[in-house]
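Same chain, two partners: subunit A is paired with subunit B first, then with subunit C.
After this line comes the complex of A and B, so read on.
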């Protein structure tokens, strides 16, 4: 047994008071979970502490909270680990972000998370005719969608999605991972329609900024951002969907510029994102117009020295052997017959036998 | 209506799969026989025949609406081995089958949102009977606002699971508090087979979490402190894949005779390292996580310590094969119900099946029944009574015991005396304890006096439900003076068909005390025989 102190964020909507912090000292073995700690505080000291919880085993997805500022399931975080990460030795637990708080650690999942889930037409639109027995589909395809199927809808990724913080309308990591579950399912009849919809939506797949926060947050290794990137590859590479958000063009410009220069050429990136993946893009009148609208952003980038005027005129240069190494990566990846996708359920390793 | 968001429901934890005789060389009658034998011949064979014959169609329906069942090399549904089964007949999604099915069913609810209203995070407080004794609806509380409402209903289908929280430890979620069983019991419905409480052979020694039977289905071994596969002494032909009651008893015997593992000798090793690692990562991912996160064990490299733990309630509200309880208008399906297809012991991967088949049948029957019926008007007086009951709890003086202590004592008592091995003395002790706890619970106070998400006061109601369920389990276990399925009486170690091949029914008497009656077991094809694995 060891003693731990929990600092809980309390909020009683009926009191008229602002949220406040409250500390409780609990006694449990170090490998017990933060949830068990909270339940002990609730059992011994104050039954009014509000937290959703059910299975205690990281499968029902009820107890998403922020622990020491990071999203996780309370039942999935050991007390000793949480204490090590605490800034002053006191384990801090507060409600998840990006969602309104109802009471104490309970947030309104319906108003944000579930609304976004419903946005992606979250059910199978089955290919017709429906067979008498099962659909015959490749073995790998079902193992593949298992990773997004493993999502328990806990909201941890939604809590810490940086894009959603800036753009609350962003469909977001959980819902887009759910979308992949259908786009990756060979029984679904609407892959193109789904991808087009998610690519054309200004708050869709190209609204993700690739920050990895959702991958860090996910307690089930669903890796929502990876699923979003897979949606992009399916949309851009497999269906050649050119979206009105310039997402697909931006991505292919990125890829071909790095291939050409070995590093990003910022001055070329923007015109090509608007005008297509060609050096002539910057001379298109339509591009000039769109570029003009982004002048404030460019000015800010220059001010903050994200790009320098010199780089605009003269692209980065890599030593020859480094550039060759970058190109070899391209050859290797592009030379594969099938696109390799990372999936935790599919492991090539089998060192034992 | 659900007291938690539907995807938080405990079906999410059903890991291993769902049984259906869909293989070319399989037949539903074999599945039925395995189920009858698994039930130790206490299951009703007419119901078992319906469940097993409808299983393949149900599995295909699930597949068609989107469940991502794993496939074999030909792209057909793959099947894994499971306990007590004579063939591989368990369809699965890695080891998250229940989660996959529950989430897909919720997808269908979202799809049909225009025709199906959902009341998520509403807590039903009681069922309502009209003057003719017909179930006419329910009273419920909106957890988010605390508002009470009466719901008129042509039919009410209970689908709220078992009462595993009566035990500590248990694999069951905190929400499994027997609400439906107790609510039906309180309005006069009989509850049946309540003495049959399943202990799962592989729960994590650390904290009682479930390790799926799929692990043994994929080939994992059970080892005692001598490193020996002891199941060869108990079930030489099925070994680790004998019925759950058999394996759990074998483990408990090994532990009691000093061949357990771990510091206190209270564990058994489950050795998953004999399963190819690639297969483990693909098909047993969840228990890799559980081992890593909750026991600090890499199950692909070393054995993990497990022990038998409370897992499932075979008993429940007595229903017919259409989910109808003896109370007109009241249906039940799933763990809350007792059809009885599981009898004395449920086979692994038959619980999702039971829930789905009899859930469907209940729904269809209730829908047909409702066609030519006027909507009844449930008397609102019931709501006032419930509101009063809740405010009485809120007003209790702070001088009784804490609710959490009552719940803890119930759990440890049940796990000590109403477990794998039972005897008269232990059961009587448990009975006295539950009597006292009932008295204490009626005075226990709560801390939360608010309306919004007052989990404290709902917890008080739940403890009341749990105590009713526990009492029914204990009186049934005392009454059944034989050993059958999950009930093993040290003082009556033999199965005695002449006297005890019958169901025990418990109803609430006029004085509020449980009354026992009996109902026959339906036998169609399979006469009772000696049960060996």
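After this line comes the complex of A and C, so read on.
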């Protein structure tokens, strides 16, 4: 047995009082979970502590909280490990972020998480005619969606999503990972419609800021951000969906500029992201309008010689021979019959075999 | 120390002062830079989003060139985004001999081949893990006394922790704070230090992007920082170049100077602000320059960095 001190975030909206911290010292073996610690505090010191939990085995996804500032399942975090990560030796537990608090450590999953899950039509829209017995699909085609199927809907990724923090309308990591579960399923009939919808939504797949917070947050290695990148890949490459959010245009401009120069030509990237992947993009009126809003920044950058006209007009480029090598790589890899994707989640690492 | 040096694209494009300041301070730290000027863009995650194998092959080519760079023990970059994008590709390449073979087959035409296990470190990691903070402390000519510096890491160099090798033994997500303290400065804690600058969605959702930049800058202002320091030139674009626009989105004046990591190190090593390209920033680093002018006289005359 060892002693651990928990610092719990308490809040009861009905009381009218502000949230506050409360400390309890509990006794448990080091390999016991933070959840067991909270439940002991509740049993021994204060029965009013609010915590949602059920299976206590990292299956049901009920006990998502923030431990020392990071989201995790309370039942899936050992006390000794949590104490080592605490900034002052006291294990700090607070409710998840990006969702309203109902009481203490319980957040309103319905108000945010479940609403967003329903937004992506989270069920299979069956290809017709539905077979009398079952669909027969190649085994490999289902392996691809196993990672998104591992989600237990705990909301940890939603809690720390940095896009959602500034844009609460963002569909978010959990729901978009769920969307991929059906976009990647060969039995689903509406891949294009789903992707078109998510690409055109200003708060859809192109609203993800690529911050990796959801990958770190997920206790089940779903890597929601990787699923969002897959959705983008399928929307832009496989269905050629040119969305109104500049998502596809930005990606294809970036990719083709690196093929053209070997290095990134930032001065061309911006107009092409707005106006399409052509050197003429910068002369389009709609692009000029969009660029005009960034004029104050560009003017100052030119004034301070941060960006020089020479750098804009004569961008950096790889030596001829190396540029040819880069273009050969592009041609070979892009020319493959099928796009390859090596996913460590599925294939594993050599040393683990 | 001789390193295969990958500056990245933006440090030679829209933030030329980053590459310039790194080149300035390298001799003061006995770091010999062997530039990888034949290597291509890392793809910044966007090429990987388009086609992961393409990104893996382009970066495997860079890694192979680094492994060929004579006399170097490792590869060094000065961009959080390069670090993250390249680490992601390297993780896949190192995971499977079969996959590596496939990628190397594409490189074979050029006579290049990537061998598993390259060490690729951002200047920040190299400073702490290879150079050593104790040695750095000895080289300080002008301690950053009274300068309150807020660290801004950039997502790609702190997440995902497992891929980037961050754990209790290697707390790489606290290195900026350690460096600031070693240079004699004061670390300003604020909410945004490990968050996203918003740059990746600047063309897709400008308001959300600038709201992120503006909010973190505002938090740093409220916490009393004189300036921020970042190892990521893309963060610098949103935090410095776009700061006038971010001010409009969040509706407040920010005027927060943002320094590149080599600039902060260079100031402490005794270099003058204009030698480090500080005059090129969109947000005038007035607080920083006033401060350094005030103590510039204290730089010892034996300093090799004076000129």
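What we mean here is this: the second predicted complex is superposed on the first by the 291 of 353 C-alpha atoms of A that agree within 3 Å, B and C clash if a C-alpha of one lies under 4 Å from a C-alpha of the other, contacts with A are read in each partner's own complex, and residues count from 1 in each chain.
Basically, contacts are C-beta pairs under 8 Å (C-beta built on N, C-alpha and C of every residue); 3 or more make two chains touch, one makes a residue touch a chain.
Owing to the predicted nature of the structure, the values given are computational and were not obtained by experimental measurement.
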{"item": "Partner chain(s) touched by A:208 [first = subunit B, second = subunit C, both, neither]", "value": "second"}
{"item": "First, second, both or neither for A:149, with subunit B first and subunit C second", "value": "first"}
{"item": "Which of subunit B and subunit C A:309 touches, first, second, both or neither", "value": "neither"}
{"item": "Which of subunit B and subunit C A:346 touches, first, second, both or neither", "value": "first"}
{"item": "Partner chain(s) touched by A:129 [first = subunit B, second = subunit C, both, neither]", "value": "neither"}
{"item": "First (subunit B), second (subunit C), both or neither touched by A:16", "value": "neither"}
{"item": "Touched partner set for A:236, first subunit B, second subunit C, both or neither", "value": "second"}
{"item": "Touching partner for A:285 - first (subunit B), second (subunit C), both, neither", "value": "neither"}
{"item": "Set of subunit A residues, in rising order, touched by both subunit B and subunit C", "value": "344, 347, 349-350"}
{"item": "Complex contact set, residues of subunit A against subunit B", "value": "12-14, 31-32, 42-44, 46-48, 50, 52-62, 76, 78, 102-104, 106, 109-110, 117-118, 122-124, 126, 130-139, 141-143, 145-146, 149-150, 152-153, 181, 185, 187, 220-221, 344-347, 349-353"}
{"item": "Interfacial residue positions of subunit B with respect to subunit A in the complex", "value": "4-5, 7-10, 12-13, 22, 60, 63-66, 68-78, 93-94, 96, 99-100, 103-104, 107-108, 110-111, 120, 144, 173-175, 206-207, 209-210, 273, 276-278, 281-282, 285-286, 289-290, 293-294, 296, 402-405, 408, 446-456, 459"}
{"item": "Complex contacts: residues of subunit A adjacent to subunit C", "value": "84-85, 162-163, 165-167, 170, 202-203, 206-213, 215-216, 229, 232-233, 236-237, 245-247, 250-252, 254-255, 258, 262-267, 270, 273-274, 293-294, 296-297, 300-301, 304-307, 311, 315-316, 318-319, 322, 325-326, 328-330, 332-334, 336, 339-342, 344, 347-350"}
{"item": "Residues of subunit C defined as touching subunit A within the complex", "value": "9-10, 12-17, 37-41, 43-54, 56-58, 61, 84, 91-92, 94-97, 99, 102, 106-107, 109-110, 155-156, 159-161, 168, 195-196, 198, 200-201, 203-209, 211-212, 215, 241-245, 279-282"}
